[in-house]
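In what comes next, chain A is part of two complexes: it sits with chain B in the first one and with chain C in the second one.
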Partner chain A sequence: MRPIYRVAKATFHEAWRRRFLNGILVFAILIIGSSWVFAYLQPGAELKMIIDVSLGAIRFFGMLIAVFMGTRLIPDEIEKRTIHTILAKPVSRAQFLFGKYLGAAATILMNVALMGAAFLIVFAVKAPQFKAMTTESTMTMEFMSGNLVKAVILIFFELLVLLAIAVASSTVFSWIIASIFSFFVYFVGQMAEFFKQLANPERDISHAAQVLLATIYRLLPHFEIFDIREAIMKDQFMPWDVMGKIIVQGIAYTVIVMLVGYLFFNEREV
Partner chain B sequence: MRERFVRVGNRCRESGRLHKRTSHGSLDGRADVLANLRGRRAEWWAPAGGRCWAIGLAIRTENLRKVYGKDAEGREVGLLDLSMEVEEGQIFGLVGPNGSGKTTTLKLLLGLIFPDSGGGEILGMKLGDPAYRERIGFLPEEPYYYDHLNAIELLRFYGGLFGMGGSALETRIKELLDLVGMWDRRYIRVRNYSRGMRQRVGVAQALINDPDLVFMDEPTSGLDPIGAMQMREVIINIRERGKTVFLCSHLLKEMEPLCDNVAILARGELRALGRVLDLLTTGDRFMVRAEGLTPEVVAKMSQGAQKTEQEAHLYTAYFETQAQALQSAQAVSEGGGRVLFLGPQRHTLEEVFIEKVGG
Partner chain C sequence: MKSKNRRWVGWIIVLVLVVAIQPLSDRVNLDRLILGVNPPTPWTRILAAGGKDSKLAVTGVTGVIVGAVLGGFREVAASMLWMKSHELWDKGEGASVEALWVMRLTTLLDPHWLEPWRMTGWHLAYNLYVETDDPKLRAEFLQMGVDCLKEGISWNPDRYDLYFELGWTYFDKVRDFEEATKWLIASIQFPHPEFADRMIAHAFERQPDMPRALDWYDYCLKRNPTDGTATGATITIRERYMPAWRLMTEQRYDEALAAIEKWLQVEPNSQLGLHLKATILEKAGRLRDAYVVWKLAADTHALNAHAAAKVDELGVKLGISTPKSAQYIFRERQARQGRREMKVDIPME
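Now for the complex of A and B:
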């Protein structure tokens, strides 16, 4: 386990020195910090606006960080040849790959935590003022804040799945192709339910098309389950057991994708 | 002199008394023992009652093959059926022009790429077995590291990969940074390193685990003359501690005095393999080299010579027999000249290399 920890730690420290990633984080925090300004664009729905803009920013910039960091983890090591001195040590390819993944996951955790903290601060300062102005929410601030924390936690697990897809695809493709592939899967994964509807046996399509659509539905990560903004806006309580199920699904998908990535990486010549 | 050897098992603890004795033998020196062990796992032997030393094979490859494709002339590019043996406790040099397969060989031995066919053993373990990585060190040609780290953090990282830690690791880091002359610059980040500094810290990371076998790819590249000399001292020091060094280099003048054995690769094929002394000595002619000679002495010196050469004030004569060469040297000495060399004709490694590589 020690090599995994060492590789993860080095990956985490290196990621924090990447100007590109820092730039994304600063930009995201700026947008979240000024999200209350956007709230004035929609009078009467200020709370919805501030939540939409902030959670949307965390997801969007988190996605950029996950994809651009994930797809470069392994190719950069190969290109810069840092991998040679590491794999010549008693570090298996599995330990190296999972160490890199965990280091990147820790980086995403920190990024999401910082963006989430910025959001919660803005929300704590501005929401009481907006709540007084609107009748859109009847819930208490504590209830809403609790739901928002859950939303941020789910975004983190959604990004873990996306990171796994980015890392695994980069073991096969170049980082550019892997980035395009990851974005594609992410956007299509938001519409996974759509494929389920298309594969509905009651629809007038061929059996082969049904099987194909059903397979796509099963293979695709269901990213939409991590998005609970609608539930928050409707003041619905998000039970922890439902949260737990979503998180377990996310982790299971991540493990499977990383195992596939490992199979490719294990055969890859560096 | 016939020396008595005791086979002491696979681990050495300085004295034969500490070892489980498995057999005894009376052998005519190291060469016989090596002949007996060829192709077998490394074993430790000791002169009876004395300090023990390692003999056996650090590396053995058998028809190791890795082909990347074909060149314009239809010849296979890569490494073609390499079979060689590297004995423990020596400095072994792998030389060859660009594209000859040196780096491919190194990567195959380190398990960074996989052979198409063939195999081998490293320290008695099958090629690709992760266990031998505990006992090897590797210095790449152009070492790249995580550039946000400084020398100490970098060595902590690499030491950590071996499960090292605590004061033992800190002591080892200090030792190694002193050895490579980087202790005073230990807080400088890798991104600000010159090529020479990278090379120095690269040696330190390669030795962090006190390896039994060290692979070095162009170890003196990027180093100034003093740095290169220190590097050679480090390499010799590794051998003196009974370890094996596998060097890849095209700097033949540096390899010649450093290596015990060399292999010459060209176009992926092994063109020569053996002791440096054997490769450089032609064995069929003897030569006398002298300076400070008058024309009369030159004439006497050249009597019976197959061939003579003059380069500035240096005169060289080649003879068929040793007796003729001795006579020539005698003439030089009596004529007031100075004999610089007398012995079997020797080539430089560069000459042998050009002859074997054909270019």
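Now for the complex of A and C:
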């Protein structure tokens, strides 16, 4: 475990030294901080708008951080040839890969925590004012804040899955191709339900096409399950057991993707 | 274990894990479905809506909007589309089909935003309605407006606004006061402004159903004893219409007609008076006379679509005229679809 911890720690420190990641974080916090300005786009639904823009910003900028950091973890080490020094020590490829992943995951945790904190501060300041302007939400601020914290937690687990995809794809492709691939999987993964509907036996398509579409649906990460904005908009309590199931599914998918990444990385000439 | 074997074992583990998480994945999907927390409108529906009109793909759904949606900013994308509809409005193209699709797409993207539902329903039932003189097409626009508001209610069942909007559309545009009262009564189950209570009384008054109108005005006065409108309406109904109404319920139709005639001599074009007189004549079975009175009410008030629809209703029944009003065509369609009961027997096709 010690080698994994050391690789993770080094990755975490290195990530904070990357300027473009810090730039994304600063920009995200600025957007979240000014989300109340967007609220005026929807008169009468300001509260809803501030939640949508802020959570959308956490997801969007979190996605950028996860992809750009995840896809460069391994290729950078290979390019700089530092990987030879690390693997020459008693560090296995599996330990190296998972250490890198955990370090990046810790970085994402910090980023999401900072963005989430910025959001909750803006919400605490502006929401009472917007709430007084509308009759749409009848719930208390504590209730809404509870749901918002749950939404931020789920965004973190969504980003963990995306990070795993970015890391795993970077073991096969160059970082640019891996980034494009990760973005593609992210966007298609948000529309996973679409493939399920396309594979519907009631539709007039061949059996082979049905099987293919159903397989794509089963293999794709279902990113939409991490999005609970609908519950927040409806002032609906999000039960912890459902939260737990979503988190377990996210972790299970992460393990699978990292295992695939390991299988490719193990075969790769470095 | 050899490297090749280890690789195969690895892939088999991956496959087993992929299969193993499927029940959990299905369970999560089911839980989300039960909780109703899935994204409001499936992608298939949004894409289908865009595909129906090729203009929309160019002018409505811009790359920025698609990007905003994919990035997780559905509400922002909806706001951008909404601004697009304002832009079309300012250019004088507000009544175009393109503007309609932009509005429709906004409701699909953000169905919990009440304003687009309200505006789209109004746009259909009011603006597009007057763009044509064809009663069948007008009835179609009324139907679309009503359906749009009903769909909006299905997304926002715990808010007063759209129930009231639908009630108002039935009251003011369709002039179907029975349907109007149903939706207005539904609206006041939620926090609502004071005038909503009074609107119910107005709708009963125009049906006409004077005792129930009085009940509602009474309810308004109990809630706000200083309500001048309710006070005035109560006095008017008691003085002018209730005597005739009581006589009508006692089937003393001639006396009832004499009672209402007394007030019509003072104000010959009183809409409520004419409605009540026509209703008495209908109850008395004097349909041809009722037809004449409804026609008088329709002719003296160009916007009295309720009277116009009654003229068509009785005209068809008596075989003396063909339907001309969009409101009648709309109601007949509703009746044919089992959505509404017609008061008189309409010969079905």
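In the analysis below, the second predicted complex is superposed on the first by the 270 of 270 C-alpha atoms of A that agree within 3 Å, B and C clash if a C-alpha of one lies under 4 Å from a C-alpha of the other, contacts with A are read in each partner's own complex, and residues count from 1 in each chain.
Please note the rule applied: contacts are C-beta pairs under 8 Å (C-beta built on N, C-alpha and C of every residue); 3 or more make two chains touch, one makes a residue touch a chain.
Here the structure is a predicted model, which means the values were calculated and not measured.
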> Putting chain B and chain C on the same copy of chain A, do they fit or clash?
Replying inline: fit
> First (chain B), second (chain C), both or neither: which does A:S206 touch?
Replying inline: neither
>> According to the stated criteria, A:E269 is in contact with first (chain B), second (chain C), both, or neither; which is it?
In response: first
> Does chain C touch more residues of chain A than chain B does, or is it the other way round?
Replying inline: C
> In the superposed arrangement, which partner chain does A:D52 touch: chain B (first), chain C (second), both, or neither?
Replying inline: second
> In whole Å, how close do chain B and chain C get at the C-alpha level once superposed?
Replying inline: 11
>> On chain A, which stretch or stretches are contacted by chain B in one complex as well as by chain C in the other?
In response: 267
> In their shared complex, at which residues does chain C touch chain A?
Replying inline: 7, 10-11, 13-14, 17-18, 20-22, 24-25, 27-29, 31-32, 35-40, 42-44, 70-76, 78-79, 82-83, 112-115, 159-160, 191
>> If we count contacts the way the header does, which residues on chain A are in touch with chain B in the complex?
In response: 2-3, 5-7, 10, 13-14, 17, 80-92, 267, 269-270
> So in the complex, which bits of chain A are touching chain C?
Replying inline: 38, 41-45, 48-49, 52-53, 55-56, 59-60, 63, 135-136, 187, 190-191, 193-194, 197-198, 218-219, 222, 224-225, 227-228, 230-231, 233-234, 236, 238-239, 242, 245-246, 248-249, 252-253, 255-256, 259-260, 262-263, 266-267
>> Residue numbers of chain B touching chain A in their complex, please.
In response: 107, 110-114, 130-131, 133-134, 136-138, 140, 142-146, 148-149, 157-158, 160-163, 202, 205, 209, 215
